Amino acid sequence: MSVETAELAREGLAPEPSRTADFLRRMSGARLPALFVLTVAVVAIAAPMLTGYAPDAGGPDALLPPLLPGHPLGTDNIGRDIWSELAYGGRVSLTVGILAALTALAIGVVVGAAAGYAGGALDTVLMRVSEFFQTLPRFVLALIIVALFGAGLGKVILVLAILSWPQTARVVRASVMSLKAAPFVDAARIGGMPGHAIVLREILPNALAPIVVVTSLDVATAILLEASLSFFGLGDPNLPSWGGMLNVAQEYLRQAWWMSLFPGAAIALTVLAFNRIGDCLNAALDPKRRGAR
Amino acid sequence: MSTLLEVEDLCVDLAAPDGTLRLVDGVSFKVAAGETVGLVGESGCGKSMTAFALLNLFPTPRLKASSGAIRFEGRDLMSLSPQAWRGMRGARLAMVFQDPSGFLDPLMPVGRQIAETLISHGRKRGVAERVHELLALLEMPDPAIVAGKYPHELSGGQRQRVLIAAALAMEPALLIADEPTTALDVTVQAGILEVLARLRDRLGLAMLLITHDLGVVAEICERVYVMYAGRIVETASATELFARPRHPYTRGLLKSTLPFEGRGELFSIPGRVPGPRRAGSGGPASCRFAPRCPAAQPDPCGLRDPALVARQGANEEGADACFRSGEIAGADIWAGSGR
Amino acid sequence: MRAWQMLGFAARRLLIAVPLLISVVVVNFTLIELAPGDPITVLVGDYPAPDEYVAQVRKDYGLDQNLPQRLVAYLGQVARGNLGYSFVNRQPVLELILERLGATLALTLTSLAFATLVGVALGALAARRHGGAFDASLQTASLAGYSIPEFWIGQILIIVFAVWLGWLPSQGAHSLRAPRDGFGAALDTASHLVLPALALSFRYLALISRMTRASLIEVLNADFILAARSRGASERRVLFGHALRNAAPPVVTVIGYNLGLVLAGATLIESVFGWPGIGRLLFTSISARDYPVMTGILLLLSAAVVIANLLTDIVQAVIDPRVRRP
């Protein structure tokens, strides 16, 4: 806004406090979600110690409602303990979510940096390709690929990564393009640094902020997609997963509402946590939005 | 000439996260009917804020006119209801802004934006004709065609004429122009100023021209107020100001805009404009310009804040806020300083 | 609004859409080629089909020829409207899909309409009360709406409204005992539509309200809004005459370019509610390994997204004349 920024910029508003302290203050909204994610991770890792039953072990007490001794969250139609399934299920969600996002990150960074730095024809081609990938309906594509190629954790991670990289690539490309013109890059180039080294050592470290944000959001999306795939029966059949629990719950909605409530809430809260962290990072790292919130 | 606008001791405050800042600190001025008055100062001196206060239209709710009086056509503007304000804006007083490209709705044909002034004030018939009439008044060729164009289809100068047309649609008594030519090319600037001058003569329009460009002031203003750090530091007729500036700041400003003599460096007043002070802190204990002033002396410049004092003598209508203005009148105080 | 300028723009966009559609078909082809096993299985389905049919398929799709020829053959088949035959359902795939299209469209469009109306209204309200309590709660609510899996919301809605309260039906598009024709039938279908459409609309609503709020806040701070107010325009005129229109483009983008999201959601919702649309068909065909139906659905949904993007671009050009230049 021409008038406001011109005039107000000179009004000597309060000097900036130290950057780290300021950053931590702005990230305060992410404390609760970060804590939650940590809890889920801890529970998932320590599941054998925190639960009394094997997650896939059926038992004689089927369809027990929650809050009964021995089964705090109830049991499902074959007598599996919901709490155990929930705890172990976190492993799949977090692993797939994080690994898929990191893989998408790897691909996206390579493509985006190449496109942003090299420019020209390479840029156009790569951007058209990523645009195209973004048009395809992600979930349906994932569904069909998994249906055709078989389920299994590794494959699911790969499919999700392949569907998510365009977003990261765009962000990386935008950052690289804007940093390309910076003086310190020119200095490096004059000093004889080869292109890929410039990108790796000079540009990317400064582009970290948006990359971190988009990766956090990617984790959220990947967890949601994985849960959707499992709900469709296309997750790994040997591993307990929250989506898979909802798949089983579908037939028992009338009798056993707890079979749906807990795994669904787990998915919702975890995805919400990562989205919130991504949002807070975005607000905290974006200098322009300081006042807007 | 009757007084059209009278501003007395106006203060505009900004609510900042750690307290209230006073951007305009007790500014007083008058505009007579049909007169063209210039309000001059560098960026950040508070002149735009003063303009916004006159319309009670600030870009952010954190700004407000906290005290003082504004009397326009005999009415006290500070006590108007929001409805009454809407009736005033565009009808009795109007404003033209700095960068026409931002101030026109990009998705609406310009004719409709001009018509908006008319429609907002209840005019229902003959709107299209009036729009064409206004565009013709602003010397635009083919008014009917121009009216249907979108802002991005017009040049900068044309957009500014559209804004002026929209402002004048209801024949206001006062036109406030906030840096009307700053965002335009030099060649176009002259055209806009000429148009404004002609309109003033034809319509008997009073104008308050807010600018940092002394060239603009010289071209079109009859009387001038010079602002510095939220206050008026000098006022005089335009001729008097250019011939015999009194306040060191005015003198420095003039020196920095005089034609370059081809020797040495361009002159600019050393130092920076001070930031706004906190509201309610009781006023500065010294002259605000003193830190940058070559003629400043610890006593009295460092001890008290000078008030605007009218000059004595025949033919002297001006006033300035400098303890030593009389003393230093003949000396070239800025010689040797600068940069 | 100059008509021929718009037509030129639409024609240009259409031209871009064609290679995109072809690319979609190529992607499908790639999937069929890359799938493990014999492409015949993918083209025919995991079903003991009669030999003559298999031989016909081999010929039609040029399976004995090299790759480029196979691609051309495949493109040719699709162009002719031949998406294969579903032995499980005993119908040509195209016919099968088109039969279910109506149900999915009813569900999707209802959700879209609801999400747009409510989303824009909420977003606009939050923008006007920027910084207030409503604004903050809407921000949190829309983040939640975007994070919660829609199929779970569907299940919870069923539990609350169908099982506990008994107000609305939970499965299918009609009840067994309901009238088959006339107003009664329509009402019956509508009552079956409520819960699935509601569940499907959540994510979209969240996205739309978020974008509306952000866009409107930015626009309300724009200089031309100040200028309009300086002319004496009322707040109502400012909002409806200037602000909403200028805030619309990013919202239109969100609505139009996220159709893939809605279609994906529809797939899941139809499974939860037993809604007889394409999504449900996809679900059953995955279980039955009816590959031609699966690939056929992928093709059609991808094409639908491409077309939706095209329509969105055209709407953008209608709203914002600056977009009409290439």
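Letters A, B and C mark the chains in the order given here, with residues in each chain numbered from 1 onward.
Note that contacts are C-beta pairs under 8 Å (C-beta built on N, C-alpha and C of every residue); 3 or more make two chains touch, one makes a residue touch a chain.
In this text the structure is predicted, and so the values were computed from the model without any measurement.
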Of all other chains, the one whose Cα centre sits farthest from chain C: B
Pair of chains joined by the greatest number of C-beta pairs in contact: A-C
Rounded Å distance, chain A centre to chain C centre (Cα mean): 23
Chain A and chain B, separation of their C-alpha mean positions in angstrom: 53
Whole-Å separation of chain centres (CA-atom averages), chain B against chain C: 54
Set of chain A residues in contact with two or more other chains: 1-4
Residues within chain C bordering two or more other chains: 221-223, 226
Multi-partner residues of chain B (each touching 2 or more other chains): 59-60, 97, 99, 102
Sites on chain C touched by chain A in the complex: 20, 23-24, 27, 31, 34-36, 42, 131, 143-144, 146-149, 151-152, 155-156, 158-159, 163, 170, 217, 221-223, 226, 259-261, 263-264, 267-268, 271-272, 282-283, 286-287, 289, 291, 294-295, 297-298, 301-302, 305-306, 309
Contact footprint of chain B on chain C as seen in their complex: 221-224, 226-234, 237, 241-242, 245-246, 319-322
Interfacial residue positions of chain B with respect to chain C in the complex: 55, 57, 59-60, 86-91, 94-95, 97, 99, 102-108, 113, 116-117, 120-121, 150, 152, 163, 166-167, 169
In the complex with chain C, residue positions of chain A that touch it: 1-4, 132, 135-141, 143-145, 147-150, 220, 224, 227-228, 231-234, 243, 246, 249-250, 253-254, 257, 260-261, 264, 267-268, 271-272, 275-276, 279, 292-293
